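The structures come next, written out as structure tokens.
Shared between the two complexes below is chain A, which has chain B as its partner in the first and chain C in the second.
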Partner chain A sequence: MSISIEVKGLSVFAGPTRLMGPVSFQVPQGGTLVVMGETGAGKSLIAQAILGTLPSSLRAEGEITVNGRRVDHLSITERAKLWGREIATLPQEPWRALNPLMHAFRQVKETHLFVANRTKPEAAAETKQAFETLSLSGAENRLPGALSGGMAQRVAFAAATAANAPILLADEPTKGLDAERHAKVVERLAEVPQTGGTLLAITHEAAVARRLGGDILVLRDGELVEQGSTTTILAAPADRYTQSLLEADPQNWPKSKPSDIGKTVLRVHDLAVARGKKRLFEGFNLDLRAGEKVALTGPSGIGKTTLLDAMAGLLKPVSGSVSREKTLSKHSIQKLYQDPPAAFPNRVRLKHTLQDVARLNKTNWSDVLQILEQLGIHASLLERKPDEVSGGELQRISIARALTVKPKVILADEPTSRLDPITQRETLAMLDGIARANQIAIVLVTHDKNISAKWSDRTISLG
Partner chain B sequence: MEHVHTLPVTPTSKKRNPAQLLGFAMMACLIIAAIGGPELIGVNPAKQSLLSTLERPSFAHPLGTDHLGRDMAARLLSGAQLSLSLALLSVITAGLPGTILGVLAAWFGGWTDRILGAFADAILALPGLLLVLMLAAISPGSWWALYAGISLTLWVEYFRYTRQRARIVLAEPSVEASRMLGLGPWLLVCRHLIPEIGPGLLTIAAFGAATAVTSVAALGFVSVGIRPPTAEWGVMMTELLPYWREAPFLILQPVACLVITVLALHLSVGGLRRP
Partner chain C sequence: MTIFFKSAIAVLATRGLQAVIVAIIVGIVSFAMMHALPGDAAYRIAAGRYGYDMMDAAAAEAVRLELGLDSPWFVQLWNWLGQLAQFDLGNSLVYGTPVVDEIATQLGYSLLLAAGAVVTSLMIALPVGIATALNPNGLLDRVTMGLSVFLRAVPAFALGIVLVFIFAVKLKWFPVAGFRGFENLVLPSFTLGIGLAAVSNRVVRDAVVDAMNSDWQMFARTKGLSMRLTLMRHVLRNASLPVVTYVGVQLAYLIEGVVIVETVFAWPGIGHALVHAIFGRDIAMVQGTALTLGLLYVALNLCVDLACRGIDPRERA
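Let's look at the complex of A and B:
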């Protein structure tokens, strides 16, 4: 069997510093390689080095052979010819990879036309077919901004695979997907080797790696920790780090003990909400009690975020009501966001942001520092700007920022879906501790059934 | 914490490119020249001496004299004073209302946005120079008409840029988060908007100043703006044009001043940077 991708002694450098490597591996045609590790472990660098899309400040060393041809020394224009034809990629954040001004159907059709060189009617027919198989019917004439995360992902998948490239690179393909779509994407990826394609998948989820099989590379801080057959390594990880990655999988979490529940703090009665003209759901009722942890699940696009906005008073419901307990102020409801960097003014030092909030809410600075300490954030980090700390740290700082206001309700919109499993587990454990210590009610939006089952007191499923 | 991992802080490079440093240096010289004016060399720019016209540079007149025997150096300095102060004034009076209206349009949206947008588009539909000419016709030769005309054409750019950027920034989750945490409009502007749009506004300001300087000179050159005997670069170009054969070094001087000023403004905001 011929070798699809062969990498020998690949390292990636930023100036003199080695960020990743050296790694060597071979993926035979029809084979699968899974690269596993935390965020920041350098997983994506491997994909970028193979494609030739490393940022210009980084430099790759080592041999890369794609379908029997050395590519590492080729010019970028030469390498670009491989994209879509030899190697297709599924981008990490598909909604950013799509053209925001072009309808979904046309974007996919373009690949059929220009990369696969099909005729117009052929391209249209193929695109139509792809939209049907990926259950994207109805999304044809929508702009990417009007697609849900899962839909955008599938549109990107359709566009990436349109030219039938024999090699598929999938960088965190399941990030931000609900359980059902998650399973579908993984199934679709698992089909790639069965139809003779070669798959290189980057993931931090042990479950995804297990399903895809093949070979695995485990990376930590850019260094190779373990390498071998996926089944063998996941069954008996030799390295401590691989073990902790597996333990962090929500499937393996212990069930948290029930919270101490107080009186009702927020009552949602017969609520109906709409986004634009589209009515999302109606007749939603919820009695949220102090100290309670509620998980909110449902397929993507059902309106979980919109519901949170209505509960936070940011959005006027179409009908029904949201009422706070009388003693609660407007600021006693706080929100945590999916993408921590987007939730901070990104050119202001974290210290100034927190000081503003503390001053406006008459919280002592020493109390804020104490909260930060509880969350394991060193005060020196506050001298930095939001993009200079890791996602996990920033999410903890945003929890600290919310606590500065002494909230009674925290609405958390998938606060850990962009974090790797180890950080996710830590962050949710901290949130749990905080809810218990301060009798805060938490509504957690999640699409991971394991998280909702293991972490919350009760689960509400939408749709 | 069993597992805290921290990103290394990448030292943000404060190094500016050499072209930008050159721009700063040129701007500094120009500003000193403009603040000092003719007093810097202690010569009256209006003093004529018909016995020593079109003289080559000498110890007494380091840049020579013009067709009426006036000292060129003093006249150029006086011109710098006029051009740069007019540019500064028009940048301020165009920049402030332009930015504030842009923020208001983005903040309130709806009718506020539509009315302000339509007004800006209407101004944009008129060629800038035409507007200045119209105002100059009302009050020929006066500098305030020139200045009013220039700022009236320049504010639109600040408005459009601010409105566009502010709309994006205000829609970010971070603004929603700050609102929920109790930040009022003033703090939202200071923490979210200004840091985000400030650098862009500075660039527009520098380009706007360059436009103002060239407009003043262009209008002076076609005898619509500042009138003789005031020492203004455009006026000087017109006056010295007939003598370009006998004394080519004279007409080159106001031209060089204009080029240097525009270049300095563009360089200092990194305007000539390679992509």
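Let's look at the complex of A and C:
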């Protein structure tokens, strides 16, 4: 059996600093390699080094052979010829990877047309076929902004694989997907080796690694921790770090003890909401009590975010009512966003943003610093701008920002879906601790059935 | 495409309504400002008609009677609005010719100058903006940044005079002023175009930098499209959106610039006519030219709106 990807002594440097490596591995044709590790461990650097898409500030060393051809010393133009034809790449954020101004169908068709060099009628037929297979029919003339996360994922998959490249690189392919879509994407990836393709998947989820099988590399801070057969390593990890990655899997969390529940703080009665002209759902009722932790689950696109916006008073419901307990102000309801960078002004220092909030709400700065300390954020981080801290840190800072307002209700819109499992677990544990200490009610939107079962007091399923 | 036409009709309706409001406001404001000017309008108009040396109090009185300048201001304004409702701009108080005829010849020249200015600004802004975007924060980027700030800060009339001094007086490449042929178009177009390009080259640069750093640009490449196809099919359309929108924002600068630059270069356009009409207290001409400039602003904004809708399918929903 021939070797699809062979990597010898690959390291990635930023100036003199080694960010990742050295790693060496071989993936045979029809084989699978899973790269696992927490965010910032340098997993994506491996994929970028193989493709040749490392940012210009970074430099790769080591031998990379793709389908028997050394590629590491080739020019970028030569390496670009492999893209789509020899190596297909699934993007990390399918939504952002699609051209916002082009209809879904055309974004897939152009790969058939220009990369697979099919004729126009052939390309149209192939694209139509792909849309049917991926149950995307009806979405042909939609713009990416009108696609759900799961649909965007499938459109990107169809576009990336149109030219039947034998190797598939998938970087965090399940990021932010709901349970059902998550399973489907993993199944689709698992089919790749069965049909003779080679799969290199990057993930932080042990469950995904387990399902894909093959071989595994575990990275921590850019260093190789463990390497070998996926089944063996996941069954009996030799390293403590691998062990902690497995424990951070929500499936393995202990059930949290019930919260101390007080009187009703927010009552939602017969609520119906709509986004644009599209009515999402109606007849939603909820009695939220002080200190209570409620999980809200449901497939993507059902309107969970819209529901939270209506509960927070950010969106006018179509019908029904949201009423706060009399003593609570509008600001006692705070929202946490799914994508922390999108919830901060990106050119303003974090300290400035937080100080503004503290001043507006007459909260002592020392109290804010204390909250940050509880959340494990060192005050020196606040001198940075939002894109200079990690996603996990930023999400904790956004929790601190919400707490600065001294809320009684926190509406959390998948606050940890973009974080790696270890950070996710820590963040949710902190949120739990703070809610208990201050009798704050939390509504947590989550895709993960394990999180809702283990973390919350009760679960409401939509749809 | 039908969706495009539907939204285009909605835009037309909004802009049409705006045009009516602009017409009324511009008419009233220019009328009020003319009345606020010191001096006796009848004397100035008589001087415009017969020359300063040939006129006297009797001539001024005759003008006053003929034009009804002694009737109360609201009667005069009402008459003008009434005529406007019949699409009649009246006659020039100085020359007696219909204002419409005067404007019809001048408008062509002003549009030519405006088009020349926009084309010049794009010819400067697009290459400079794209070149700086390819190496953000490089030397070229920082130099153009400084130069842009400087050129935007220089008023159009000063820039015009400097250009005339260098290229017309010293080098004798182009005529100083007036309009005899297309060689006259170059200096005024550059005067306006440089001011416009000073800002729009930065907008082009930012738009291209954003597009080139976008995830979708990277994905278009990794799915196998060549750099050229990625640029043609994805980057250009996305990057052109903020640029076209910004051209719309610049229209105010453009119209204001046309008035100044036409005066500096004695360009036979509407702006030049407006300034002359103000000096001659030719109220009908002032109202007519100001109205045309106002409507021109609305019409150009309409073009920008339609162009944005053509580029961005999201707007059509």
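FYI, the second predicted complex is superposed on the first by the 463 of 463 C-alpha atoms of A that agree within 3 Å, B and C clash if a C-alpha of one lies under 4 Å from a C-alpha of the other, contacts with A are read in each partner's own complex, and residues count from 1 in each chain.
The rule is simple: contacts are C-beta pairs under 8 Å (C-beta built on N, C-alpha and C of every residue); 3 or more make two chains touch, one makes a residue touch a chain.
Model, not experiment: these values are computed from the prediction.
Visitor: Taking chain A as the common reference for superposition, should the pair chain B and chain C be classed as clashing or as fitting?
Guide: Clash - chain B and chain C, as placed by superposing on chain A, overlap.
Visitor: Classify the contacts of A:L51 with the two partner chains as first (chain B alone), second (chain C alone), both, or neither.
Guide: Touch partner of A:L51: chain C, not chain B.
Visitor: Please work out whether A:Q227 is in contact with chain B alone, chain C alone, both, or neither, and reply first, second, both or neither.
Guide: neither
Visitor: Spot which of chain B and chain C makes contact with more residues of chain A, would you?
Guide: B
Visitor: Looking at the overlay, what does A:Q439 touch: chain B (first), chain C (second), both, or neither?
Guide: After superposing on A, A:Q439 lies clear of both chain B and chain C.
Visitor: Which partner does A:W83 reach: the first (chain B), the second (chain C), both, or neither?
Guide: In the superposition, A:W83 touches chain C alone.
Visitor: Starting from the residues of chain A touching chain B, keep only those that also touch chain C in the other complex, and list them.
Guide: none
Visitor: Note which residues of chain A are touching chain C in the complex, please.
Guide: That would be residues 51, 53, 80, 83-85, 88-89, 91-93, 96-103, 110-111, 114-115, 143, 145, 156, 159-160, 162-163, 165 of chain A.
Visitor: How about chain B: which of its residues touch chain A in the complex?
Guide: Touch list, chain B to chain A: 1, 3-7, 9-10, 172-174, 176-178, 180-183, 187, 191-192, 195-196.
Visitor: Taking the complex as given, what residues does chain C use to touch chain A?
Guide: Touch list, chain C to chain A: 214-216, 218-227, 229, 233-234, 237-238, 241, 311-314.
Visitor: If we count contacts the way the header does, which residues on chain A are in touch with chain B in the complex?
Guide: Answer in residue numbers: 38, 40, 221, 244, 312, 314, 331, 333-335, 337, 339, 342-348, 352-353, 356-357, 360-361, 376, 381, 384, 388-390, 392-393, 398, 401-402, 404-405, 422-423, 426.
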